[in-house]
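Below, chain A partners chain B and then partners chain C, in two separate complexes.
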Partner chain A sequence: MSAPSVEKGIRFIREQIDAPVASFFSACVHCGLCAEACLFYTQTQDPRYTPIHKVALMRRVWESEFTLWGRIKSALGLTKPITEADFTEWETLVYDGCSLCGRCSLVCPVGNDISGMIRKVREGFAAAGHAPEGLIGATTRAIEIGSPMGVRLPALQAQIRHIQESTGLEISLDRPGVEYMALLSSMEIMNFPEYLEAIARILRQAGKSWTISSKAFEATNSGIQIGASDLARVLVQRIVDAAEELGVKMVISPECGHGYTAIRWDGPNLIGRPYKFKVKHILELLDEFREQGLIQTQGLEEARLSFHDPCQIARKGGVVRQPRALLGLVAANFVEMSDAGAMNWCCGGGGGVSANERADALRLTAFKQKKAQLDALKVDTLVTACANCRITLEEGLEANDMNIPVIGLTEMIAEHLVETDRIEEKSA
Partner chain B sequence: MNADELLIWARGPGFDLALLVFVAGMLLRLFEILSLGRKRDLAEGRGCGAVGGLRTILSRTLPRRSVFLKEPLRILNGYLLHMGLFVAIFLFGPHIDFFKAWFGLSWPYLPSGMVDAVTAVTLLSLTVALVLRMNNPVLRLISTSGDYVAWVLTFLPLLTGYLAHNHLLLPYTWMLALHILSVDLLLVAAPFNKLTHMFAFLLARWYQGYQAGYRGIAS
Partner chain C sequence: MSPINNDWQFKHALDDMDGYHQRQVAALFVRNVLDLNPDPRVLKALEVASNYDSDPDEMNSTIKSIMQAVLESHARCGAACKWSDQAGYYVARAAAACLTPRSFTLGKDPAWQAALSCRMARTSATLDCLDCEPVTESLKQHKILSDYLESLKGTEP
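So, the complex of A and B:
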């Protein structure tokens, strides 16, 4: 692989320009309304965080190379070439000041998918050697160790052993021929192992056979966040190989936002073919179990609670109805926050921002958007379905002296699950 | 060249040429976009891309509530200037006579006094758009010289049309000639600046809506 350079960065940006991108730049009237959709702008009032401004380098490549007028200007020497200094200047806007939440894409009056373009332009920044250290480290660990947080198989095995000993639940690794292969995020293995216990209990009660692959248990994909499709492909391929080797019918994406869009939408496009298995987010699956009567719950949470829609699951994943239906089973005092669902505000930690230490202060500033939503609600508990949102929310709440516990929805369902002594596994 | 000669040139060969550049230029821009193509989405879909594309073409005409509440002036002004331009261009009697002579199509028009009033409001609306662009920090940062060129190109035909109709500033024939010349200029330049949004917005909405429809997500 050639060394990072400005030329390589420009080439990678050029390769990302397709008909949709060209139509987006041709349609943009510079109205600036996308800024009002972006929490990094609304909370800093710094115009540089205007979403369309973040893809200015891509616009320059498009204009000078893909339009007649731009080519004439370039030939006459009227185009300013992209330099190292440009990559340096835009690096923090593209990585630190964007969580790829996609809210800007939904407000653009001409219909530009700006967030999609920021994802694309990151390919150029990574190729030019202008990605943040934190994300480079996470991606390197993901490729070399299999986890962006450096979580190795023994750590997972230890968590499994712990759960098996304390609950008597059986969690098998590499069991072929089962119906489901569950993925986990490192964050869940290390910080929220209650998720693993929850799915073990729910799948057992539903009579479903399942397993975890020792070769591909990690759901997150740092390659997508940093903008390195070649590395993203390697990470997806591991999951695909494992799932197809085990012969599972479905891969369950865990409570991880970008992990879901990575395996659900990006994956087949990265490896260049459709999967031989289906992919569902755990909330989609739980809601199906609810509809099919495979799980029942008892008791209600009396606390006033709300649901934080993870951007990648709600806005980009289309899983909006399911968490509400599930909360309807267990929550007596559920309230929606303003802009809930597809227009929800990001926690600020998505798109690799939480893995980028350099962006910590900016992320906490952007969190004020979520704080404003929560201040208006006065809830006792916040429920979500993404481990990265959860840790970002917890940090933000703590930094603002807000005492609101954050709970994963799957875990909450498991707490209210009606469990019977012996459930026979139905064959796959 | 006197006023009559200029008027004859502007509405004759000048307009012919401008229209040719406009049509050829817009087709070129369309080709520049479509020829890049796009990869098929290999992920298993949940819905129909085409339905999503058409839905977004319509739905994106209305603003999201939360953004509207933050920028009501900018958004309402946007509607106003687009509707004003539509009325001034397509519902003014002499314009329709002109279209009929050129393309053989005609349709009902509004009383000229009403179009005149709408034009005045549209000029004001364009002025508000310019003031916002020059004073709002976000707009100032993302604006290019092309934005100001496009503004001038749009403002001039409207202004000269208004002045000609009201017999202001210059003798009528001169002002009418300038009006048609400014239209010629607009037609020639439109394919090479952001005025391409007049067709590209349909493609942009279609592409985003198509993906959203296919994936079963919001757009």
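So, the complex of A and C:
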């Protein structure tokens, strides 16, 4: 692989310009609606964070190389070339000031997928060597170790042992012929072991067979976040190979927003063929279990609570109805946030922003939007379904002196299951 | 009372305890893994958890400060994992469990939550360590709880 350079960056941006991108630039009516939809613009009022401005370098390449007028200007030497300084200037806009939440794409009156273009333009920045250090490290570890955080198999095995010993639940690795293969995010393995316990409890009650692959347990895909499709492809292929080797019918995407987008939507395009198995987010699966009467719950949370829709799951994945149906099983006082569902405001930490230390201050500024939503609701508890959202929300709440616990929905459902005493069973 | 020898007895003994005794015994579990996190906020949380007459203001400020300790010690998304640091996170989580209201934890028993986090802390500490002894934190917790229950004999009506 050749070293990063400005020339390589420009070439990679050029390669991303396809018919949809060309039509998006041609169709843009400069209305500014994308700015008003962007968390980073609305909370800073800095016009540089206007979403369409973030792809200005890509527009320059498109204009100069793919339009008649641009070609004439280029031939006359009237085109301003893209320089190292340009990449430096836009790097913070493209990575720090965009969580790839997709809100801009949703409001665009001419249907431009601006968020998709920012994802594409990151390919050029990564190739030019202008990606944040945190994302470079995460991507390197994902390729070399299999986890962006460097979580190795013995760590997962230790967590499985820990859960098995303390609960009596069985969690198998590499069991062929089962129905489901569950993925995990490193964040869940490291910070929230309760997620793994929760799915083990739920799948046991539903009577479903499942396993985790020792070769591909990681759901997150740093290749998508940094903008390196070749690496994203490698990470998807590992999961596909493992799922096909085990012969599972379905891969369960965990409470990880972009992990879901990567394996559910980007994956088949990256590897160039359809999967031989289905992919569902854990909330989609749990709601199917609910509809089929496979999970029985008891008791209701009395706290006034709301649900934070992770962008990748709700806006990009369309999983909006399911979490509300699940909350209906266990919550007595659910209240909806303003702009809930597909139009929900991002927590500010998606798209690699939370992995980018340089963006911390900006992320906390952007959190003011979520703070305003929560201030209006006055909830006791916030529920979500993405480990990264959860940490970002916890940090934002703490920074704003807001005493609201953040809980994963899968864990909440598991805590309300009607089940026999697990430890009693084990001891017996 | 016969000694506690397994998690079934352990959990049922915890279930039978009131909130104050749960907090006290949870603090004892955390003290057994304190070597993994020297943060003074952890110690302060244990002191407050063990004190029957803790002032509500002091309780609130201690909860706030231990929650900060939890957030400061968690693994950052995408950051290289250091399991020795992660052990500290689980100790902070265990200390927070001693004080966190049940409404914040889906009604889970604080002592059981603290026990699990302490076990995770000890497990985490061994993951980067080739020479470490196998983890036996659960057995130690059974003994701690047995001794605690024994110590209560004759002290309560």
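In the analysis below, the second predicted complex is superposed on the first by the 419 of 428 C-alpha atoms of A that agree within 3 Å, B and C clash if a C-alpha of one lies under 4 Å from a C-alpha of the other, contacts with A are read in each partner's own complex, and residues count from 1 in each chain.
Assume contacts are C-beta pairs under 8 Å (C-beta built on N, C-alpha and C of every residue); 3 or more make two chains touch, one makes a residue touch a chain.
Here the structure is a predicted model, which means the values were calculated and not measured.
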{"item": "Partner chain in contact with A:Ala303 - chain B first, chain C second, else both or neither", "value": "second"}
{"item": "Touching partner for A:Asn388 - first (chain B), second (chain C), both, neither", "value": "second"}
{"item": "Which superposed partner A:Glu415 touches (first chain B, second chain C, both, neither)", "value": "second"}
{"item": "Touched partner set for A:Ser354, first chain B, second chain C, both or neither", "value": "second"}
{"item": "First (chain B), second (chain C), both or neither touched by A:Arg315", "value": "first"}
{"item": "Touched partner set for A:Leu173, first chain B, second chain C, both or neither", "value": "neither"}
{"item": "Contacts of A:Met190 with chain B and chain C, given as first, second, both or neither", "value": "second"}
{"item": "Contacts of A:Leu377 with chain B and chain C, given as first, second, both or neither", "value": "neither"}
{"item": "Contact set on chain B toward chain A in their complex", "value": "28-29, 32-39, 41-44, 46, 56-57, 60-61, 63-64, 66-67, 70-71, 74-75, 78, 133, 136-144, 147, 192-194, 196-197, 200-201, 203-209, 211, 215-219"}
{"item": "List of chain A residues in touch with chain B within their complex", "value": "17-24, 26-33, 35-37, 41, 45, 47-48, 50, 52-53, 66-69, 105-113, 116, 264-269, 272-275, 278-279, 315-318, 320, 338-339, 341-343"}
{"item": "Interfacial residue positions of chain C with respect to chain A in the complex", "value": "6-8, 11, 64, 67-68, 71, 74-81, 83, 86, 89, 100, 103-108, 116, 119-120, 123, 126-127, 138"}
{"item": "In the complex, chain A residues that touch chain C", "value": "134-135, 137-138, 141, 147-151, 154-155, 158-159, 161-162, 165-166, 186-187, 190-191, 193, 222, 301, 303, 349, 352, 354-355, 357, 380-381, 387-388, 391, 394-395, 398, 403, 405, 407, 411-412, 415, 421, 423-424, 426-427"}
